[in-house]
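See the structures that follow.
Next come two complexes, and both contain chain A; in the first it sits with chain B, in the second with chain C.
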Partner chain A sequence: MPRLQCLQTFESLNDKIWFTCWNPSGTILASCGSDKKIKLWQRGDDDKYVCINVLEGSHTRTIRSISWSKDGKFLASASFDATVCIWVKRENWECIATLEGHENEVKSVSWSSSGNFLATCSRDKSVWVWEIDEDEAFECSSVMNSHSQDVKCVKFHPNDDIFASASYDDTIKLYKPSGDEWISFCTMEGHSSTVWCVDWSEDGNTLVSCGDDRTVKLWKEFKPSIGSNNAIWKCVCTLSGYHDRPVYSVDWCHKTDLILTACGDNAIRVFRKCQTDGVENEGGLSLEMVAKEYDAHKEDVNCAAWNPIEENILASCSDDGMLKFWKFIDDQ
Partner chain B sequence: MGENIEFLDMIAMAEDKFQKEGFSEGFSTGEHRGFGDAFLLGVKQASSCAAEIGFYRGFCLECRKRLSNHNMSDTKLKICQDILDTLEPIDLSNCDFDNMLESLQTCQAKFKRLCALMKISTQSSRNSMNADMSF
Partner chain C sequence: FADQETNPNPTVFQRSAEEEYINKNDDDEYDERDVFHMIRDIKDPEHPYSLEELNVLEKSLIEVNNENNKVIVQFTPTIPHCSLATLIGLSIRVKLLRDLPKRFKVDVVITPGTHASELAINKQLADKERVAAALENVHLLTVVNQCINGEN
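Up next, the complex of A and B:
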């Protein structure tokens, strides 16, 4: 029977860990939280993960989210101090830019696959896009007030210059470049409460979202009909009844196609997409739960992330101050 | 006998009658006060909108002039012009102007971008004009 096996646990006393993500080559894990530090973790010769770097001194409040550039050279961090910092690895990790403009807490940051753009979102209800030039200078290329409430998450498409945002206004919006600015071209309505997180499938044709309504939804792109420019995104699967509290994070593994959720009920769960008998089926897709770890943490699990290269390795972090490394053992 | 019954009916119906009269009087007073409060709120919000529009217009006109004199970045100049073009059709004398709030939201987003490009905070640029501005 498939299961999750805890490999290692690190505890940070009195500090919540808000976010964790792997670099694109899957060799380094970054984590951040209320201690205003970014910690980088790497597996040592003895096969154990160790903290190899601590990036600090640039943010004055909690670091809420981090994102690696696709080439793994840059790391962006979004903080409740209303700024976004850009870190680069030279001899040591250095903060090379501080992006200011949001009026209050920055909640999420995401790097485009082309490496040319960075999207950020904030409690000030706005979504910003920053363009990076060859000299590593960052310039604001768009500010969008398309959401009516706090924006919780932004996530770039795996291949194209398109990104999604999720908000407290219960909607998901998609954005694309238009002329020298960016525009919102699609709104997805279906969640009955805050949408906390979104992620893309490997081909970018499907989006997964999770939220305060304790559901996980799959949204599929339907190509535009003749005479229409924009594709339509429709909800094709709603997974309910599995999560007992809000679902804070969702991560779609591009190697195994497994979907990982982190939930306020202290659990992490693994779901597999399938075409036939499943939990619910609306338009050909369904999800089945293949593994769960009920007491993965002692408090809300804020984030869980698959290693993008090393199959079935994942990490999770929580309000309990713990960062855990896991292995998904698939006996099927 | 008939007069007595009528008199008794009046006593029996008095509570109902006074309740209705009291409600009408209370409603009328409340309506009058409500109109007054609504008028004051409207004046306050409209003056805030107008002040914001005036601020953007003044800021962008001056900014456009300075940027043109120094042959500065086309992007900043273009945003200034975009804001001015968005504000241009707004008829301040017509409170029913349909797109006023929508245009204002567009300008707010463009103004934030302009401030980010000029590396100034939106708050300090507003404060330099008037510390009491709320937008």
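Up next, the complex of A and C:
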């Protein structure tokens, strides 16, 4: 049976850990939470993970999420204090810019794969795109008020200058540049409550989403027909009955194609894509669960992330203050 | 908040007799009485009465499942347009977050059919991210603590 084996556990008493993600080369894991710090973790000589850096002093409230630039040089952090900080490693990690503009809590941040753009979103219902010039200066290039509620997550496409946003208004939207501005060009409706997180497949043609309605959905791009400009995105798979509480994060591994979820029922689960022939299911896609760890944590699991390079290694974090490293053992 | 009503003359009910309360460990079984005991004395934000005295909270509207670690609390605003329903729900939620063992998953919801914005308020109270952010707001936290501790 495929299973999850816990490799290491770190506990931070009285803190909630909200988010964790690996750098693009898979060598460093970053985590953040209610202690207003970003911690960086790396494997030592004895093969054990240790905390190698603590980035602090810039945010005054919970750090909700972080994103690495594709070259791994920059780290952006989004905080309930309404700001986004940009960190860079010189001699030490230092904060080189604080992006202000959102009216209240910033919930999520994402770098574009080109490295030229940063997207942020907030409870103020807006989505901002920031452009980065050669001098590492950040300028706001668009403010979009396309959602009617709190925006929970933004995530750039793996290859193109396109990104997705997920919201408390139960929808997902896609954005692309249009002249000097960015525009929302697609809305996906189907979740019956808050959409907490989205992620892209490796080729960027499929999107996975998860939400408060305890479902995970796959959305597929259908190329435009002649005479139409925009591709259409349709829900091709809804996975319900697996998660017992809201699903807070979903991560699609671009090496193994496995999908990982973090859930309010204290569990982490691994899903595999499978083909179906159903008539109602136009995209011919479905998901099967291949592993679950029911008591992965003692409280809600807020985030779980695959190592992008080292196959089947992952990390998870929770309201219980724990950061855990896991190995997915796929011995069918 | 501003456009909605508050209730200037609420009906006040008698407080039930104090039941003997036994301190518990995290792993002990909890029942409806234990949960009711934790939240009955939360004060209404605009009256000198407790949520029990206003019938906002009733023992019969609390559900505890030890096996599944679930607690569901229904609360009944005194009028269907009560502008303070979200704050009352937040106070109940915060008190239970502080007092119940962490193993419990807590849902605080409006008694069905008793508030005009029932679904919107339930959604907001269920959003842990918004609850966490609200509790980092010093002003709001002060108001919530006043409700919980009965201090003005």
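Throughout what follows, the second predicted complex is superposed on the first by the 324 of 332 C-alpha atoms of A that agree within 3 Å, B and C clash if a C-alpha of one lies under 4 Å from a C-alpha of the other, contacts with A are read in each partner's own complex, and residues count from 1 in each chain.
Operating definition for what follows: a contact is a pair of C-beta atoms (placed from the backbone, for glycine too) under 8 Å apart; a residue touches a chain by one contact, two chains touch by 3 or more.
Just so we're clear, the structure is a prediction, and the values are computed from it rather than from any experiment.
**Q** Taking chain A as the common reference for superposition, should the pair chain B and chain C be classed as clashing or as fitting?
**A** In the arrangement built by aligning on chain A, the partners chain C and chain B fit side by side.
**Q** Based on the superposed arrangement, let me know which partner A:G26 touches: chain B (first), chain C (second), both, or neither?
**A** neither
**Q** In this superposed model, does chain C or chain B come into contact with more residues of chain A?
**A** So, of the two partners, C touches more residues of chain A.
**Q** Touch check for A:P158: first (chain B), second (chain C), both, or neither?
**A** So A:P158 meets neither chain B nor chain C here.
**Q** Does the superposition put A:S193 against chain B (first), chain C (second), both, or neither?
**A** second
**Q** May I ask you to decide whether A:S142 touches chain B, chain C, both, or neither, giving the answer as first, second, both or neither?
**A** In the superposed model, A:S142 contacts chain B only, not chain C.
**Q** Pick one for A:D212: touches chain B only (first), chain C only (second), both, or neither.
**A** A:D212 sits against chain C, while chain B stays out of touch.
**Q** What is the contact status of A:F80 with respect to chain B (first) and chain C (second): first, second, both, or neither?
**A** Second partner only, chain C.
**Q** So if I put the vertex at the Cα centre of chain A, how wide is the angle out to the Cα centres of chain B and chain C? Nearest 10 degrees is fine.
**A** The vertex angle at chain A equals 60 degrees.
**Q** Just to be sure I read the superposition right, which of the two partners does A:S126 touch: chain B = first, chain C = second, or both, or neither?
**A** In the superposition, A:S126 contacts chain B only.
**Q** Once both structures are overlaid on their shared chain, how near does any Cα of chain B get to a Cα of chain C? Whole angstrom is fine.
**A** Nearest C-alpha atoms of the two chains are 9 Å apart.
**Q** Where on chain A do chain B and chain C both make contact?
**A** On chain A, no residue contacts both chain B in one structure and chain C in the other.
**Q** Over in the complex, which chain B residues touch chain A? Could you list them?
**A** 75, 78, 105, 108-110, 112-113, 115-117, 119, 121-123
**Q** Taking the touch rule as given, give the residues of chain C at its contact with chain A in the complex, in rising order.
**A** Residues in contact with chain A: 102-103, 105, 123, 126-130, 132-133, 136.
**Q** Could you list, by residue number, the parts of chain A that touch chain B in their complex?
**A** 99-101, 103, 126, 128, 139-145, 180
**Q** Looking at the complex, which residues from chain A come into contact with chain C?
**A** Within the complex, chain A touches chain C at residues 16, 34, 61-62, 64, 80, 104-105, 107, 123, 150, 152, 168, 193-194, 212, 245-246, 264-265, 298-300, 319-320.
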